[in-house]
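You will see two complexes here that share chain A, one where it goes with chain B and one where it goes with chain C.
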Partner chain A sequence: MKKDPTLAILTAASLILLAIGPVLPRWAMFLINVSLCYGIVVLGMMLLMRTGVVSFGHGLYYCLGAYASGTIDQVYKISDMSVMLLAAVLVTALASAALGLLLRKYRDIFFAMLSLAFSMILYGLLVKTSALGSSDGFNITASKIAGITVAGTAGDRYVRYALTVVCAFLAGLFMHKYVNSHMGRLALAIRDNELRVEYMGASVSNVIHVNYVISAVLAGIGGALVAIAVGHIDPEMAYWTTSGEFVFVGILSGTGSILAPFLGAFIFETIRSFAYEYSPNTWQLALGITMLMVIMFLPGGLWSLFMRKRKAA
Partner chain B sequence: MAIVLEARGLNKRFGAVAAASNINVAVEQDAIVGLIGSNGAGKTTFINMVTGYLKPSSGTITFGGRDITALSPREITRLGICRSFQIPQLFNTLSVYDNLLVGVGIVVSGARGWAQVTERAGTPADTVNSMLERFKLTDYRDKLAGVLPEGIRKLLDIAMAMVVKPKVLLLDEPTSGVSAEEKYSLMDMVMEAVRAQKVTVLFVEHDMEIVTRYTQRVLAFYEGRIIADGLPAVVLSGSEVRKYVTGETLHATAGANHVAH
Partner chain C sequence: MGQLAAVLLDGLIYASWLFIIAVGLTLIYGVMKILNIAHGSLYALGAYSAASFGGYWLKQGYPPMGSYAAMLVAAIVVGLIAGPVIERGLLRFMYGKDEIVLVLVTYAVFLILEDFVKLVWGVDPYFIAQPYGLLGSFDIADLTYPNYNLLLFCAAVFLGVSLAWVLTRTRQGKMLAAVIHDREMSAAMGINVGRVYFITFTVGAMLGALGGALTAPMISVQPGIGAETIVLAFAVVVIGGLGSLPGAALAALLVGVVRSAAVHYRPELDLFSIYLVMAVVLIVRPKGLFSVQEARKI
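Showing the complex of A and B:
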């Protein structure tokens, strides 16, 4: 049996990204940072897809994570990035555990649309909440990490970038262990045949609920990291188009490996950035054509290219 | 022998159709019971009610003295009643090995405790490997379940029910779709496995040779009722069973009419 190189690739890629960070141009560092944040969110989406459900409302947790960390920073004046991330984890875990009680009963389009409805409720609430900046949102300082002030120092950007790389590595490591565990196999079994899973004695609803909470927490971490990287948050993070982008990247990536979401997110961000740079009025066209190509020629996502090569080898 | 499974006054109606009418059955531990009857007689409805897929309109089902009538399929499975399906219910995108490993994982992860998995085999992988050997599935270990031939799908379906350590196993037409040459070897394997694990078995079957060879007791169903219950030789020679189940009397009558005309 061939040895799975996923962990080695994940570790090597993380070390390389940490090593080249200081010499990267600012735009490239930002592009990679935001791509990794998206990758963490899509990693959670991938887990849901492997369980046979698709959320069209993960912008909810992406936004909730960002606002939880932003509120800690601006309202409670705790600007430590580690505390901000912890707040994002706690808030998204609690929110998804509660909403999951309802969502676990639904499948297919009903699951997708109900999750979308929740995200639009949050969007509506935030737009109307002047204390949180309404539709403009608010800025975030995130000036410290583990008690050490980094804001205004020469290494400020690199620290935020490195924090994302480390979080992406840990998220990838966790997900690799998880999808290769009993729960990971059970997710695929549920996608294939819910009836049989119940007749083997496992609760399909419980597994979907647990995976929903995990994916929501990952989306929350992604949102908090984007808030820390960009320094600004607004209700658009919960808008349905943001959730649609996560689904887009999920399909673009494929569910074959935990590395796929990071690759897919990087390609997505790169196409978006350059398309927006060179064709600001029609940049969506480039994304649309990309999606069309992937669905037509790589229905298993970009990662299926690597799978084909491995099988051929 | 102790009664392990009992149905009392079981009724199930689908609108005007009575799929089960006053079913009263007590099954002893370690028994091998055949359920026979023509299509629509109520055999699968009975299995579906025992395993919680259908709730009876009235009546009770007890397992080991505990009322399980209102329990879900998952809860009933956890108590020890497992089933296979007429159309195999597999995880088609997983390998044969992983199909079984899912079941072992469910047991290990707390459904019924680690001890019951480890008492015979050691580790989950050992349990799966011994099941593969027992059902002669080792050659198909890494094949995806979705591409298996029908006979192997049937075997895997039954192995998946066995891997979660049942006390009572219900098999819905285990030899349907299996070639005439393979069906006896399939049943031999299944019977060897159930004897080794001391499992009580109820199975739906249309092949009377299989019923005669492998069962100690037969329940004959007709229009939702049990019309005969007893030793295979006695039940199969009964006039009602010959008329409504095996169709022998009907064929004989039809033949006589044909000659008369």
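Showing the complex of A and C:
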């Protein structure tokens, strides 16, 4: 059996990104930073898609992670990035473990709709919570990391960028191990035929629940990192169109490899930032057409292009 | 007492509106098993064309009462153009795919149409408030309600009753029921399933556009109204049980009254209340209020 190059590529890419960081122009650094955050979220979406369920409400955890870290930062005045990330992980893990108790019984459209309802509940709450800035959200300073103050220093931006790269690397590493484990392999079996998996003695609901929590925590980490990188959060992060974007990037990337979400997210963010610049009113149009193309001609996502090539070689 | 009456009346008005925007969605799902996110864009298209055509009508100095007809015509034209284009041009190639894939396809259509609307009408808001006040108003418990709200209520009842009549009392409706029950068998029995789908989608699109046209006088017509509305329509349709007409009516009433109670007593819970109802109903009845049990396939 040929050796799987995924881990080697992941490590190399992370090292290269860390190395070139200091010489990157600011816009490129920001672009890579945000798309890696997005990639972490979509990595979680990919896990759910591999399990055969699509969540139209993952903005819930994206937003929850951002708000958990933001609240730690602004309300409790602990502007340490590591504590903020930890808070995001804890809050999203608890929330998703609780909601998962309900969602594990649902499939297909009903899974999508119930998760959408939950995310809109959060949106509705945040929009009306004036203590957290209502629909405007609030700014985040995140001035320290592990006790060392970085805000205002020369390396400020690089630290935030490096933090995201490291988190993305760890998330990718974890996901790679996970999808190749016993639980991870069950996911694909469930997507193919749930009832047979039950007959073989595995609990479908448990797998869905665990995968849901993992994907939620990843979304929370992504949200917290975006908050740290951008410095501002607002309730739009929980709006259903944000969740729709995650689904979109998930479809675009495909579920073939843990590298796919990062690639998909990078392409998505690049298109978005350039489209915003040059043609703000047609970029959704381009997205929609791309999505239709992918659904029709590349059901396995962009990643299937690589797979086909490798098979042919 | 006065406030309770106001809550109920507001609830009824809001429920009428919800029913109007949701009825096309549930019809399309019931027949075609497509949860049509693009319904939100059809709503927006209807609102925009009603606002611009109705506005044109009023500006020309034609009788203001005719603006209702103008708005109605605008909605019907939108439905008759957009419905067939989407169904024939795209959806018919997708039949037989997973329901969730079809959701994504209509999401893509939604994205495309959102920008289409921006390209045609620009990003500035449109206002067509005149028809809203034209019919006079009435007072209940110190609150003034424009009579337009009654029109909305009548429209909802009319749409509901006539759809129910078509579905249960006419030959076409019975054919539709057969297609819903078993698509392949009804095709074998000589029903033109393709045509049934085509007509259903067009009617559904028209209903979406009509919802937009009826709403246009009450809001400022601007980008984003489609995204706002489609999630509300989702909530109603999912609460009622996907594809069920009486379910949608009951869900609209439920959501309408709960939301108006929230607005009157705890305004900060406005949007929250709607999705809370949705979540609670789905938790208690996982497939909505009026749902049919389906056999699991091995």
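We take it that the second predicted complex is superposed on the first by the 313 of 313 C-alpha atoms of A that agree within 3 Å, B and C clash if a C-alpha of one lies under 4 Å from a C-alpha of the other, contacts with A are read in each partner's own complex, and residues count from 1 in each chain.
Just so it is clear, a contact is a pair of C-beta atoms (placed from the backbone, for glycine too) under 8 Å apart; a residue touches a chain by one contact, two chains touch by 3 or more.
Everything numeric in this text was worked out from a predicted model, so none of it was measured.
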Chain B versus chain C as contact partner of A:K128, first or second or both or neither: second
Contacts of A:D108 with chain B and chain C, given as first, second, both or neither: second
Chain B or chain C, by number of chain A residues touched: C
Touching partner for A:M200 - first (chain B), second (chain C), both, neither: first
Which of chain B and chain C A:H182 touches, first, second, both or neither: first
First (chain B), second (chain C), both or neither touched by A:D192: first
Which superposed partner A:W283 touches (first chain B, second chain C, both, neither): second
Touching both chain C and chain B, counted on chain A across the two superposed complexes: 193, 195-196
Of all residues in chain B, those that touch chain A in their complex: 51, 72-74, 77-78, 82-83, 89-94, 98-99, 101-103, 105-109, 111-112, 160-161, 164
Residues of chain A touching chain C in the complex: 54, 56, 102, 105-106, 108-110, 112-114, 116-118, 120-121, 123-125, 127-129, 193, 195-196, 239-241, 244, 247-248, 251, 281-285, 287-289, 291-292, 295-296
Chain A-facing residues of chain C, complex: 35, 90, 93, 98-101, 103-105, 107-116, 118-119, 123, 227, 231, 234-235, 238, 242, 268-276, 278-279, 282-283, 286-287, 296-298
Residues of chain A defined as touching chain B within the complex: 182-183, 185-186, 188-189, 191-193, 195-203
